[in-house]
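Some structures are shown below for you to check.
Common to both upcoming complexes is chain A, partnered first by chain B, then by chain C.
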Partner chain A sequence: MAATKTRSSSFSRNISAASTPQIPGLKCGPNGTIFVSSGIPDLDKILGGGFPLGSLVMVMEDIEAPHHMLLLRNFMSQGLVHNQPLLYASPSREPRAFLGTLPSPVLSKDDKSRDHDLEQEKGLRIAWQYRKYLGENQQNFEGQRDGKPDYCNDFDLRKPLERHFLSNQRIDCFSLEGSPNLDPFRERCSTFLAQLPRYDGNLTSACRIAIQSFYAPQCEYSNTEWEMLSFVRSLKSMVQSSNAVAVLTFPPSLVSSSFSKRLQHLADTLLSVKAIPDEDKELANLLTGYNDMVGLLNVHKVAHFNTQVPVILEATTFSIKLKKRRSLVLECLNQAPIDGSSGTSYATTGSCSGSSKTGTLDF
Partner chain B sequence: MAELICRALRDGALDGEHAPALTIKDSIDSPFGPHVFNHVLAQLSANILAAKSQSQGLVLVASSQSPSFYFDLLKSRGNDVASFHKWLRVLDCYTDPLGWKVRLMACGSISSRSPEASNTVRLCTDVRNLDNLSLSIMELGRELVGQGKGRFSVAIDSASEMIRHASISSVAALLSNLRSHDQVSCAFWLLHSDLHDVRVTAALEYMSSMLGSIEPMNRPANVQRGNSENLSLFEQNSNKGKFHVRLKRRNGRVRLMNEEFCIEQSSIKFTAVSSEDGIISQGLVPKVQFNLQLSEKERIERAKVVLPFEHQGTGKPIEIYDGRQSLNESSTESTNSSSAEKVQTNQDPGKGEIIYFRDSDDEMPDSDEDPDDDLDI
Partner chain C sequence: MEVWVRRMGVGKNGDSGLLPDDDFGLILGDGESGLLLAGGESRFTGFLPWQCIVYIWSLEGTAMENGGSWNLLDQAIGPLIEDPYASRSGGSVVLIEDCVETSGAFVLHHLIKRSISPLPPHSSPVLLILVSFARSFSHYDRILRKMGCNVVVQRDNKRFIFLDMRKLECPEAMSDGDGGDTFEGGLVDLYGKIQKAVEVSIVNGGSRSVVIMIDDISLLEVAAKGSSNHVLDFLHYCHTLKTDFGCSLAFLNHEDIYSSTERSNLILQMEYLADVVIKAEPLATGLAKDVHGQLTVMNKRNFDRWKKMSYFHFRVRENNVEYFYPGSRT
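So, the complex of A and B:
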């Protein structure tokens, strides 16, 4: 006779109460990481929640396509919508002008196509004869539902961001072109990041840094590769010790290959965008939705903090599409159906089986 | 296609966007870059004169050929010399790029030769100072089109010459300023790719929106050996070649085009490619999955399918098949048989029936049933 005695062990699970900050724009993830949205709902899902706080995200550009600008725009807009401080640096003389091209979030409810997925799963119908006895065996699909509805917004790329977001004091712009070396920029980054140090105790907000086209050839410092590498390294350490996420884009074809590899190793999350050839019949035959695609996104590395377990993705290449020409969606590459008219089609070979009837069998 | 490029240059820039820029790239294997450059120059000038293009003037930075060469070239295309002043300005970086002649004249070593007194040509004596160069280009352009909304095109004879004298970052800065300037309609330049580092070529490609590369018809396998086959290939390469164009479109896609060209006496002729080689971007799509998502229509169809057992429980008693139904019918016979399997056939003509008796009763009832039997459709 086993007497079931519930013995409470002396070890109790340490569920820290502060693990769920109800701060808009931040989400808790596994292993004590806190996520910040990238501005693209599909990308958040792929990366397992978003960009972790304290990480350095690198996007490798393709010099033939401006897709990295799409990623940057969404990232920056998301930060502004959540009222997070933003530092933007670019090689152009007037970086402020870029802020005028940031998209505004889509507010209509009927665009929540995410709900579709969940309802489909909830309605899973099982043809099981004992179901009537054992009750509804509903599979509760706990999908990657982004907690609050406004953690990650869908952005309308055709509408510019409203003025009141942009007149926020906390937007800082820096032009990379003027300076002969990176010291002034490094100073600016460290003062910017000093406003939200990591080990402060209370988590109030997160800040975002967006650096566009870091290796643009018109910048004077672009010849000094070791300097640039050491800058990125110090940026990474600064970001790690503050509540910030930095996104840096650079064109790898303009960098010598050894430095390109070093930069890639410095990144916590590494993405790359690629252009696709226009009117390519082979590609159109291979993929569905080729006409809607504007480019390809590759996920090379996903940040994993506080864990030894690597993140292995099902698919690493995604197509970038503009849904209704306004919002960015990332889709898995799907193979186009093979043309049925070529080769022996099912219909013609099926005739032999169709003619046989489940009829009289003579023994 | 060369036509497409010339049209793109003719159409020029939209408001608020960077001006289109063309890089013409060649190499020693197929050194016809200058021919293509002259062709594009002539086309653009024809368009400017006919007032078909967005730009109203052309500023030419001449580094590898003298200005008189270009005057002769444009004259031979039927342009009137007297009218040059109205739409053409040449920045002469060929005669005295580093200012040596000026210095020699200053110390009296050479007699002062009367320069080509022309109001279309401005002499540049220091090509290393790119800030001054870019200012001169802007000034010349403004001379042509005025201060207002007029636009002009810029042609740089040889970007390779510029890179020789200045660092790539300053050249890139100059080009990007040109492109982003309000009054520049389009820009194009020639580059000899084998004179530079790969990074330098990549930087200039980064700066341009169109890339035209000139390649030989067929690459000879071994350059040194003077085989007869190689000689014929060389002959072919001597006046023919291939012209690959990569156009960056606004939606982020890249348009790839191929053409062949043939150099005749003084002009160049572009023809469409005779054989389609079908260049596919290999390795672009590593992992392609099958689409497992349902479209709306498919979802509705799926909802309509009646699954087995779904219609049960609606009033009729629920039946559960446990594999013993057949025994009820033949229970009378099965009690007799113990181990031997008896197969009894019904002697009904034209109709076949299989009656199966279980080997023994203590067999697990579910082991021999057809798993599809319990579906109740």
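So, the complex of A and C:
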């Protein structure tokens, strides 16, 4: 969707002609950008390929629910599966413990069965001679599948990541608690990024920075908003000049709205997550598949580097679902058809109230 | 100071032509702002020297000159660099305001292209100073290349100066009782650089007119650790470059940052200083594929030659931006 849009101009790069890099986990995008996967195949598709290298991704948390952790976990796991260095920072006292909760990738055998499931669920029978086209389509989205590791994996949220991914890695953890200001963390970020200088010619690998709950009140610096903004700005400029992607989650309701706006302007890609209340009857009537949803994901801004054309998505709100309680799936919202007897949600919105009046007046 | 007279909008016979009739008002102005001496009937009719009642709005000539190639945005902004028909060679201050949903950066790119692309032969070359807090040089280079404008060549020709301020951090104040001088180090240096570039260019006679652009002011504030006084000082200093050397200024800022609380001093003063305010907003009706947003241009320099407020939709493309009035596209 986004990729085809940018390709329509005569001045953009022909993606199919551009050589795909040999490094697993990286993918060429339009306008000379290189994507890394977010760890959620659907999110990659929505964003037109993933998170571009050098971008700062912000996730606005729902303070009543931990949905941002889903995005963060998949992002981190995907990096570890691709052998990419990782810096993780959180306000907890022992951030390394969080690594134990990272999900494990679904094995390729399971993967196939999942695809099979999908086909069955679609209820679509495809004649055998067209099956190869279907395969081609999927290839486009999911990258090279034969031999090399996938660009993007499915993750099983119930299975923890295997030890060997965690042991032989350059994983850096940092606790945001306890330090009176952000200078030590800034130092840590720059030393972490310095190990991978940016070579435009031969790209070696990418690294990932994940910062959880940046504005959490237990951090001592959380009342110095300007210092935090200044940190985010310097993080952004550091990330821009290196092969890294930073994902930062923050609770927007804890900061003043003008600072939240400032942060949102600083983000290259801006997402927000929201929990779905358990018993919202109105919403349940309105949306199909409401019972499977665990939350909503909003895409506010998509990074566009080296181009002035904004990315306009087909939809900006997606439902977060857990397929078979283990893998994360994002879907467009489907509005259920409203049947005449129970569908009061539209009629009560005020503008249509006139119609009910005419019924009672009975001319 | 030039003296010009125009008839007030409500005349005896109701038309509003420029030629003085038997009733008119007298406005004294310097081409930029008019001072209304008398409006209405006939208090000044008796002793007005008719020789000086020739009024040519200074922007008229340039508009005619470029006529067809100007798009709606250009028409709304008017001449950016200078108006050769005015007595002063003054620049203008353009403020671009955008929000999270709709980026206004494309207006800045347009202004960059307009100021450094070749001008008609009789005009002197323009020097563009771009102070970037947001993006790298290669980002602008790639975008402007697609728009048909090579900034690398212009940089080599000394017509384009790029100041990468992404890592600028203003040093902390050494001692609070000592006044703010030490605090301002970063911004003072930055202003020094800009001023030097302007002076070198103007004294050497290379380019007579200079355009200074800042992308964007909100990050400048962050670099100054939120001290809006220092940011304002910096902006006022930049504004003196306009009055002293006739530089034009263009700032990008994000309006929604300031909209939540009571309007901050910074955005109010910037809007006051600006001759042209351009607001980029998303469509009120929601997301659309073929209309990317709406622009509201308020041009304070104009009395009536052009409409003061212009309002149109836009669609951003790689190599240009389409502007059109609402509803004129299917």
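The rule we apply is simple: the second predicted complex is superposed on the first by the 274 of 363 C-alpha atoms of A that agree within 3 Å, B and C clash if a C-alpha of one lies under 4 Å from a C-alpha of the other, contacts with A are read in each partner's own complex, and residues count from 1 in each chain.
As a working rule, a contact is a pair of C-beta atoms (placed from the backbone, for glycine too) under 8 Å apart; a residue touches a chain by one contact, two chains touch by 3 or more.
This is a predicted model, so every value here is computed, not measured.
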- Message: Contact-wise, after the overlay, does A:Lys301 reach chain B, chain C, both or neither (first, second, both, neither)?
- Response: second
- Query: After superposition on the shared chain, which partner residues are touched by A:Leu270: those of chain B (first), chain C (second), both, or neither?
  - Reply: second
- Query: More chain A residues touched by chain B or by chain C?
  - Reply: B
- Query: Does the superposition put A:Ser190 against chain B (first), chain C (second), both, or neither?
  - Reply: neither
- Task: Scan A:Thr317 for contacts with chain B and chain C and give back first, second, both or neither.
- Result: first
- Could you list which residues of chain A make contact with chain B in one structure and with chain C in the other? 256, 316
- Write out the stretch or stretches of chain C touching chain A in their complex. 100-103, 105-106, 109, 136, 138-139, 142-143, 146, 166-167, 169, 218-219, 222-223, 225-226, 254, 256-258, 260-261, 287-289, 292, 316-319, 321
- Query: Tell me, which parts of chain B touch chain A in their complex?
  - Reply: 167-170, 172-173, 175-176, 180, 199, 202-203, 205-207, 246, 248-249, 251-256, 278, 280-281, 284-291, 294, 299, 307-310, 312-313, 318, 320-321, 345, 350-352, 374-376
- Message: Taking the touch rule as given, give the residues of chain A at its contact with chain C in the complex, in rising order.
- Response: 6, 9-12, 31-32, 225-227, 229-230, 233-234, 237, 240-241, 256-258, 261-262, 264-266, 270, 300-301, 305-310, 312-313, 316
- Contact set on chain A toward chain B in their complex: 63-67, 92, 120, 125, 127-132, 177, 216-220, 222-223, 251, 253-256, 274-280, 282-283, 286-288, 294-296, 315-317, 320, 332-335, 360-363
